[in-house]
Every structure is written in structure tokens, then in C-alpha cells.
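Heads up, there are several structures right after this.
After this come two complexes, each holding chain A, first together with chain B and then together with chain C.
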Partner chain A sequence: MVKAIYPKGKIVAKTGNEVMAEAMRQISPDVVAAYPITPATEIVQIFSQFVADGKVPTEYVAVESEHSAMSATIGASVAGARAMTGTSSQGLALMWEMLYIAAGLRLPIVMAEVNRALSAPINIHGDQSDTMGARDAGWIQIYSENSQESYDNMIQAVKIAEKAKLPTMVTTDGFIISHCMEVVEVYPDEDVKAFVGEYKPERALLDYKKPFTLGAIELQDYYFEHRWQLAEGMRNAKQIVLDVAKEFKNKFGREYGFYEKYKMDDAEVAIVTIGSAAGTTKFVIDELREKGIKAGLIKIRVYRPFPADEIAKDLAKVKAFAVLDRADSCSGNFAPVYLDVVSALFANGINIKSENYVYGLGGREISTEHIAEVYTKLDKIAKNQVAPSKTVEYINVRIK
Partner chain B sequence: MANLKELSKNAERLTGGHRLCAGCGAGTVARQTLLAAGDKPVVVVSATGCLEVSTTIFPYSAWKTPFFHSAFENSAATASGIEAAYVSLKKQGKLADDIRFVAFGGDGGTYDIGLQSLSGAMERGHRLLYVCYNNEAYMNTGIQRSSATPQGASATTSPVGKVKQGKEQHKKDLTAIMVAHNIPYAAQAVIGNWNDYVTKVQKALDTDGPAFINVMTPCRLGWGCKPEDSMEMVRLAVDTCIWPVYEVVNGVYKLTMKPRGGEKKPVIEFFKNQVRFKHLLKPENAELLASIQADVDAKWNKILALCGETK
Partner chain C sequence: MIEVRWHGRGGQGAKTAALLFGEAVLATGKYIQAFPEYGPERMGAPVQSFNRISDHPITIHSGITDPNFVVILDPTLMETVNVVEGIGPEGKVIVNTSFSSEEIAKKLGINKSQVFVVNASQIAQETIGMNIPNTPMLGALVKVIGNLDLNGVLEDTKKKLEVKFRHKPQVIDGNIACIKRAFDEVKNS
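Right after this comes the complex of A and B.
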């Protein structure tokens, strides 16, 4: 359970959605444009109440679709405003076109995203198919294990986005975090405001005395350079993420990085995963450790930019590992996070036995037993008793 | 009423040298819109289309006023975000200036793919002027039919063939849809009458709320007419009552242009110098032509009644 760390902090009981809305209130963006969608609706609903009660100076644009939500947010950001939005699943899918444009225009938009399965079949529950599909859109992606992290991530996201000039989404697992009431430490408004600071855009469309054109057509002669700059911006964002995390720790006391390592120092078998399943995994690790299995975890927080070399270095010492993906790729090959991890290892000349599991689609439960089974098999793989699977494996699904 | 002498003193905010075709009305729409704004600061948003691609080929821009484009279907939503930022920053005392917002879109970007975005922006009441430069088809991608394409017109996705005679459906009445949003200002115009158009833009920009102008403008490639005839073409659309020119201020209709000479011309006068309609002149299409004439007559009578022009 979360304990108070910041001397001026306050311990409250809030759901993931409530605490994300609370962060947005404290950030007080100039414009929020959003559209309701389960399970993210509450975030903008609560925020609308803040607007209605005059607690924020924000203009709330209740748009008619997520495509317009992202379009209006982009417009507001280009105009020179600090602009935010929130969505989930089909909403993010409808924003697709505009996600790439927000990134290509280098707009520091922050989005509160609640991970939910994509249709079809329609399903409202948590998995990471939605944001995994947006992994190459040019957005920084920060995932949260619990409500505290989602709150802290939102606050940091504003600074990261504005320094990196890249849109940033902060995600939570649908229902598991978004609707689960947890103990969270919140910080005083003035301290959060001081941390995020005033937004000073490099240029603003509303500064009409210095007119400029944005969104011009670029052909064979310029397009490539600007896309390269975007990719380079994402590479450069790694240091910005670390700098903001350091600043955050110095101010509020909580430590963040690209990922969290749990009992990795002497781990022989490891799981790499993202989001709320990491909490369950930690519990399993503690049990397995008592049985003599040296299990460890890498919980990825920042998936874009992907901390490839860092993960490769930290996984180098294990004998076998598994990546647990809460999204499939339908590529006929492995799931997204596994592919990233394996390519990071390969590029660093590291060859470790590994497996890839897809779990929890559409909110399907993952239990401690499921995770323990993965570790048990990894232990056998590490001891050369069994060979790792050459294809993606599925947890808790009726295949036949 | 606009004054040409005064307009000529206004700064040009769309410079020459852009890549629009000779005879294209889109540039004229943009230029006259900005001239009508006088010395008011204007932020321009455009949907993807000829106007946008021809005026902003990086690293060049023809716009001497803030200009933004992001996608095809979202000109209105984008402008509403900009306007919301303006309202927010003004409310917070971070901005003092009085700025106007104009969103441009072609008929494809407005009647079809951008209709939802436009409807949302109008319903929410943002203070912005949306100008649809309507050349009655997707001209930028090569003359495909849109819901603004009139019945009988040949387009590359409603071509004339052995069994079909161009587009089979009637065009959508988008201006009526905008009027149904109960916005304070909506109008139809043609680019061939600068005075009528500029006056409408001035009224729209002075309106404290959403405004919409649907301005018919030729695409000489899509219509198959001579570039020097562009202005005359749309005047013929007015003379034949194919394109009624009127405004609706707070729900009250007013006819602002009448056929020259006071007499309505047959639709064939508009059709005969445009390649997209040439098949309608064939004897075997006489019945289709008659039914188009009947439809135009009925719609014109409806507009006359709305404008209180019925004797």
C-alpha cells in the first residue's frame, strides 16, 4: 500500500480515473477537448465538473467524436494553449489519423488513456491492444501499474511533453486501475502547479503579429527530414524522461525511470511486462523466492521511447525470461513488447532463452497461479530441462 | 455593402505566386474573405484540398496571416479548438487582442467527410466563420462525385457510360442543414459577385457566434470550362436559379441576388459551356434534362417562398 512520502502530501482513497482527473485539475490546462468512452469517461466527466464549478480556467470542448477531440486539441495546442484530452480503445482508434499529426507537428499534448480491448467483438474491459496499436504514432507512452503511478505520471507527462515537444499519453489498465479504489498520496495544488510551471510555447498561432503556416505540404524534398527529426526527437526524449523523473523525485520523493526492476539483482528467471499485472507478478516473485526460485521482474513504464539498451543490459544476466503481452499483434509472429525486447537483446549481441505470452485480452483474469506457471517453466528452461516455445503462447484461454 | 475603394486599401493576406490553376475560384474565395476582414486579425484553418496544397508547398506559404492545416475532415473541429484556446487565454488575461477565425473546406471536406465535424462546431456555438468553397466535386483528387455534385453531372466516380448519364442522385442541401442548426448567420454566395460575397463575409465576421457561407466557385478542370469564364459560369448558376444566392440571419431568409434581367434562364444556359454536362444536351437525354429543370424550378420556388419573394 502507498505510504506518505511527501511531507505536504495527503493520503486519499481514489480510483485511477478520479486521480487522473485530479492531476488534470491541478495542471489546469487551458483547453480540454474530449468525448465520453468507457472506461475513461469518468476522467473527463469529473473534469467537466471542475470546469462547471469554476475550479479551473479551462475551456472544455465537448466535441462530437474522438476524431474531433484530437483535432480540437491539436488546434488548441497550435494556438498556443496547454491542451489535454482523454480517451480509450475505440476512441483512440478513431483518433488514429490525428495521433500521427499531433506527433508530426511536435505538439506537447497530454492524453489520459485508459487501456481497453479493441472491437470486434466489442468488449469494454482492460487490455493494451489500443495503445499498443498506437506505439509507432510518435507519442511518448507511459504506462502505470496503479493509481499512484497514474497520478505521478500525469504530472510528469506535462513536463516531458513540453520539453520533448512530443505528445504524451499516460495509460492505466481499464477497470483494474481506472475503477479500482486505491490509497493515493496527492500533493498540494500549488506544488504541482509549480512543478509543471507555466506553458511557454515556442510559437503560437494566436500570436498573429508573427504569422506562420503550419501543416504545409512537404514533398520528396523535405518530408523525410521532418520525419527523421520526429524519430530523433523520440530518441532524445529518453534523457528528458530521466531528467523529469529526477526532478520529480527531488520534489515529491517518488522514484521513476524507464522501468522498475523488482529483485533483478540476482534473478535467474525474469518476466517483462507492463501495467497492473506487475503487481501480481511481484507477489508471485516473493512466494517463488521462498521456494528457492530466483525470480525477477522488469515492469516497463516508458514504452515509447523504448529503453532498448537499458533493458538489454538488465536482462543480460538472467538465464531465461518471458515477456507477458496484454495485446496480440495478429502478425503471425510474436506480440509487440516481446519483439521490442528481443530486438534490443539481439542488437546488443545477447542471446537468452525466452518466451512470449499473451494474456488478459478483454479483461480476462490473470492469476498468481498463471504467473507462477510461467516462472516454473522458465526455471526448467534455464536448467535446460525443456526448450522454450518458438511461437507465442497464450495464458488462460480455451484454445481447443 | 462593401466598398471597392476601401477594400483596395486592405492589406493582401493571400499573396500571388501560389500554385492554384488559372481560373480557379478557391484563391479568389480566400483572398476576398481576407480582404473583407479589413484590418481584423484572422487565423485561417483549411481542410486538406486544392486551396491548402497549392498555397503551402513547404518551405513556401502564400499566407500572410496565421494558417493551419491538419487533415481533411476536421477543419471545423480544428478551428473550434483554436477558438477555445483563444477564449481560454482571453479569460485568463493572457491575451488581449480581438481575433477572428475562418475555416475553409471544399465541398468534399464539408458536405461529406467533414459534415460531422462541422455540425459539432456549429452546435457548440464557437465564434468562427466556416466557408465552404463549393465546386461540386472532389477536384483535388481528380473530379470524383461528392454529395454536392448535382444530378446529371459527370464525375470520374459517376461517369457517363452506356447505361448511366452521370450522377443519379440530387445534391445535398447543406445550407439548409446549417440553417437547421439555428446558427445566427448562414448564406449561399457565388464567387462571381465580389460585393455580395464580401458583404456576407463582413456580416459573418461581425456575428457573435458560428457563421456558415456556402460559396459556389468553379473548378475549370472539373467543370470543363474556360479559365476566363469562371466568374461568368457562377453568374449563370444564379441566372438559371440552379444556385440561389441568399442569406439567413437569425432564421430570417433574404434573397440577395436575382437572375440578371429579372428573368430566370433555363438550366441549359448553365450546362452548355461545361464538359461535365455536355451529355445532357443530347436529344436522348431530353427527359433527364426536363426532370432536372423541374427539380431546379421546385427548389427555386421553395427559396422564393422562404425569402418572402412569392407574389
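Right after this comes the complex of A and C.
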């Protein structure tokens, strides 16, 4: 029987896009500037309908491109507004230079991002190449396994961004979550509003009584210090993420952290992954446990800032693990999440046998069988029956 | 967990049926998923949509390959699409047709006990005046699955339709009548 966790919560059937738009309505930002793109279109379409129907007092700016969407959002944010946007794939790519500016100016913009493959070849389906490419932009990145998490993450993102003074993107897997209707618990408007609170920027360009300069040129004299501050701000954001998660749990009852551990207490083999495939992995783990394979999962929620020491500590006890990446950074080396995980282990002096798999590019199916095969191989690696691969492996791709 | 695959043609409401069905089943207290297959979106092209139903939270997010139930909105799809793919010996197929279960079973190469038939197009014509077979097939599916609460489904579907068609009350009543009639008329003979 489906039950609400929060006593005043309401159970609804909604898609990822619908709940992200719902969260935006409840957050009620001062400004939203956005340009539609599949599969994120519905988010701004539904939100703009809320604006048209007078259900939210937001100033909605219909722009002519994503570059302008991010520019207008930045403009609103520096003026002192709580500003949000939403996009996907090529849209995020077109925002690229402005992403770095939003971070460099320390603007707490929140973006709803639906993960989709990048062209070419053109493809509208889900993979995480778009936001993985933006992982060095200075944005906090929070990934969602399902619609419930995307809703909860959006609400938390506003507080995290404003406390950390860092732009924050919340993602869902394109179509798999963005267009999948599932059970979501939503909270009353007033409770969400009370949780996110009123935005009181420390400085705003429209506050003419306290004038200041923003975005000035800094060459060899100051640039490095400001970029160090940005990096330090990202490091400091870790505690903020945890504080907001704690506050969220106290209020609404759902528990969040940097990542979720599923059956890791006694796990001998583990998968580390991000997004909707983690849910499918949980399903596989339950089946494997019945067959005696001690499988576990670490599902990364907060990828930037990367919880390196924490993950190293939690992976330390397994005999073998695999990282499943839904993006291939074409580095000639390994895929992004694997590189972060193994560098975290190395820095902590931990050496565990591991493999890196790239899966699901352009929405390619990842089935329970595919995931079970990874665990089966890990089990053999753990028992020294086979050696781990030294290069990236690919799941469900036709390679000649 | 129960998995359902809907086969229809673009414009017949296969996606809407899966969404309506999912919401209605949630209203009876079960966990659900409803999702369409996204491909070329053309009127008349073969399309699929899917449902999962469970008493427990559903974490799986891969595609549905071995459905327990297959709903076929347009019988001509049986000519061009492998509608019985992955259903196994226990899977059940519900077809919008005027033919008998025996005739359809022969055509699909499966057991007669697996085939349920209902003339959803005729029901839709007679109740809402249009050949939109999705809501009658929803009623037939509720009947064939068996352990779902019809009244709960009807109540929730009515609520959803009232929001969507608030200026066309006859559409609401017609669709509700469709669900009830198909629930009563779907048969394995």
C-alpha cells in the first residue's frame, strides 16, 4: 500500500518533468529564463503555463536560445533575484561559456537538467554526456534516480546553492525518468516555501546603496585567488549539502546524503553508478542476494563536489567493484566517474580490483541481465578466477 | 510485479491509456509506472506504451521485455508487429476485435487460454461516437488482470477526465460507460 512519509504529503502519479516543474512552482523563483529542448521541454512548458495561469508570480523570460537563457538567468541573479532555468543536451552545450561565468560570479542559480546524449549523431535519448562534460564548470551537480528524488533534490538545491553561493544543477535521465510516470509524494506549497525560505542575497547589483563591481578583469594579479576561492567554495559545499539534507529529513522525512548505499554493509562486490540505472541495479542485487552473491551498490547523488574520502571509506571493504558510466569522455583513458572513484581510493591508499563500464549511450537499453553479468564477473574477480580488464568495457554495444 | 505492454497506432491513445491506467491503479493503493516508447511520432505508426504494477516500491527502470499482459488497440498490428514477443506460456493478450479468442489464438500461434477479446472499437463508437478504443481496453485489462478494484479505477479515471474534458461532460460519461462495458464484455471465448 502506497503511503506518504510526510504526514501532510500527497501521493500523486507524475513524470520527472512534471514534478520538476511542480517543485519550481512551489519554490516560486523571481525569474525563470528558459528555452525548450527535448526531453526537458515539458519542464518549462508546464512552468510557463503556471505563470500564464497566475499560479506562480515568477517573471518568465522567453528567450531565443539557451545561451540567452543562461545569460538572462545570470543577469537576474546578479540583480539580486532568485533565478532558475531548465535545459538538456545541446541546450546545456550552448550555455557552456555562461555556465563558467555563473560559477565564477558565485551565483546561486538552480537548473533543472534532463540528461540527454550530445550530437553527433543526433539523438534525443538519455545519457549523461551533457552534464559530465560540464563537471568542471564549477556547478554543484545533483543526480536523481527517480521522480521523487528529482523533486526532493530541486527543493534542496535552492538552499544548497544559496548557502554555498554556487550554481547548482539537478538532473534526471532523459525519457527514462523525465517521461516515466511514477509514484511521487509532494508536499504542501507553504511547507516547501518555508523550507527554501526567502532569498536574501548578500550583495545585489540593484542595491544601489551598496554599490560593487562584478565581473571585472583580473589578470595575473587576482584571477588565481578568485578561482581558488571557487574551488574552496566547492570543497566547503560538502558540509552544506549534508546540513541541508539533515534539515530536509527533519522536515519531510526522506534521507539524502552524498550517495546512497544499498546493501553495502556486508557487500563483497559492488557497483558504483549514477541515475536511474541505480534503481535497476537494486532490483538485480535483491535477486543475486538470493543466489548467495553478496552484491552492493553505491549510487552517487552529489557528483560535484565529489565525496572522495567518504566513497573510498565505504568501498574499502569490498573485494572488487565496477563503475558504470553513462558517458564516455573519449579520453583514451577511462570514463569520468571511474576516474574520480579510483583517484579517491588511490589517495586514501586503498587498492581494490575494479573495472569500468560505459553503458546506455543515446538511451541504449541497460537490462537486469546486463547488470547481473557485471556482478557475475566481479564475483569471479573477487575470487581471483579472472583478472579485471585494464581498459574501458562496453555494455550492450555491437563492436566488430 | 505485473508488467503490461500496450500496442497501438499513433493517435489511438496508447500512451494516454497507459498513463490513465497507471494513475487509476495508484488510486487503488498500488505502486505504478507508466511510460511510452519514444520514437518517430507519426499518426498511424505502430507505438507502444508500458505499465508496471506492484505492491512494493518499483526501482527497476529498464524496458519491459517479458510482459504479463499485452493490450492490442488495433488488430491490424497483429499483421506487422510481433505483438506476442516475450509473453511466455502464461502471458495474456487482450485484443480489440470482433473475432473469437480461438481465431485470434490461431493467428498469433498461442494458446486459446491466453487470448481475451473485446470489440472495443464498437463499444467506443456506440458510447462516445468515435473509434477511440483506449478506455474500453483499459476496462478489459482491469477485468483480465483480475485483482484490481474496478470502482477505484472508475472513480479515479472519472476525476482525471473531468479535469481534461471539463467543457465536454458527454466525453466523460461516455468514457466511463466504455470502461464498464468492456469490463463486462471482454471474454475468453
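Here are a few things to note about the model shown:
Quick note on the criterion: the second predicted complex is superposed on the first by the 397 of 400 C-alpha atoms of A that agree within 3 Å, B and C clash if a C-alpha of one lies under 4 Å from a C-alpha of the other, contacts with A are read in each partner's own complex, and residues count from 1 in each chain.
Here, a residue touches a chain if its C-beta (ideal position, glycine included) is under 8 Å from a C-beta of that chain, and two chains touch if they have at least 3 such contacts.
Since we're looking at a predicted model, the values are computed, not measured.
When both complexes are overlaid on chain A, the residue A:A72 reaches chain B alone and has no touch with chain C.
When chain A is checked against chain B and against chain C, the one touching more of its residues turns out to be B. Once the two complexes are laid over each other on the shared chain, residue contacts for A:V2 go to chain C alone; chain B is not touched.
In the superposition on chain A, contact is made by A:T280 with chain C only, not with chain B. Of the two partner chains placed by the overlay, neither chain B nor chain C lies in contact with A:M84. In the superposed model, A:E64 makes contact with chain B only, not with chain C. Touching chain C in their complex are the following residues of chain A: 1-2, 11, 13, 124-125, 145-146, 173, 175-177, 179-183, 276-277, 279-280, 282-283, 365-368. Residues of chain A that touch chain B in their complex: 30-31, 33, 57-59, 61-65, 67-68, 71-81, 83, 97-98, 101, 105, 205-208, 211-219, 222.
Note for the complex: chain B touches chain A at residues 41-43, 45, 52-53, 56-59, 61, 63-71, 73-74, 77-82, 84-89, 91-92, 95, 97, 99, 116-117, 119-120, 123-124.
Residues 19, 22-23, 26, 29-36, 38, 55, 57-63, 65 of chain C touch chain A in their complex.
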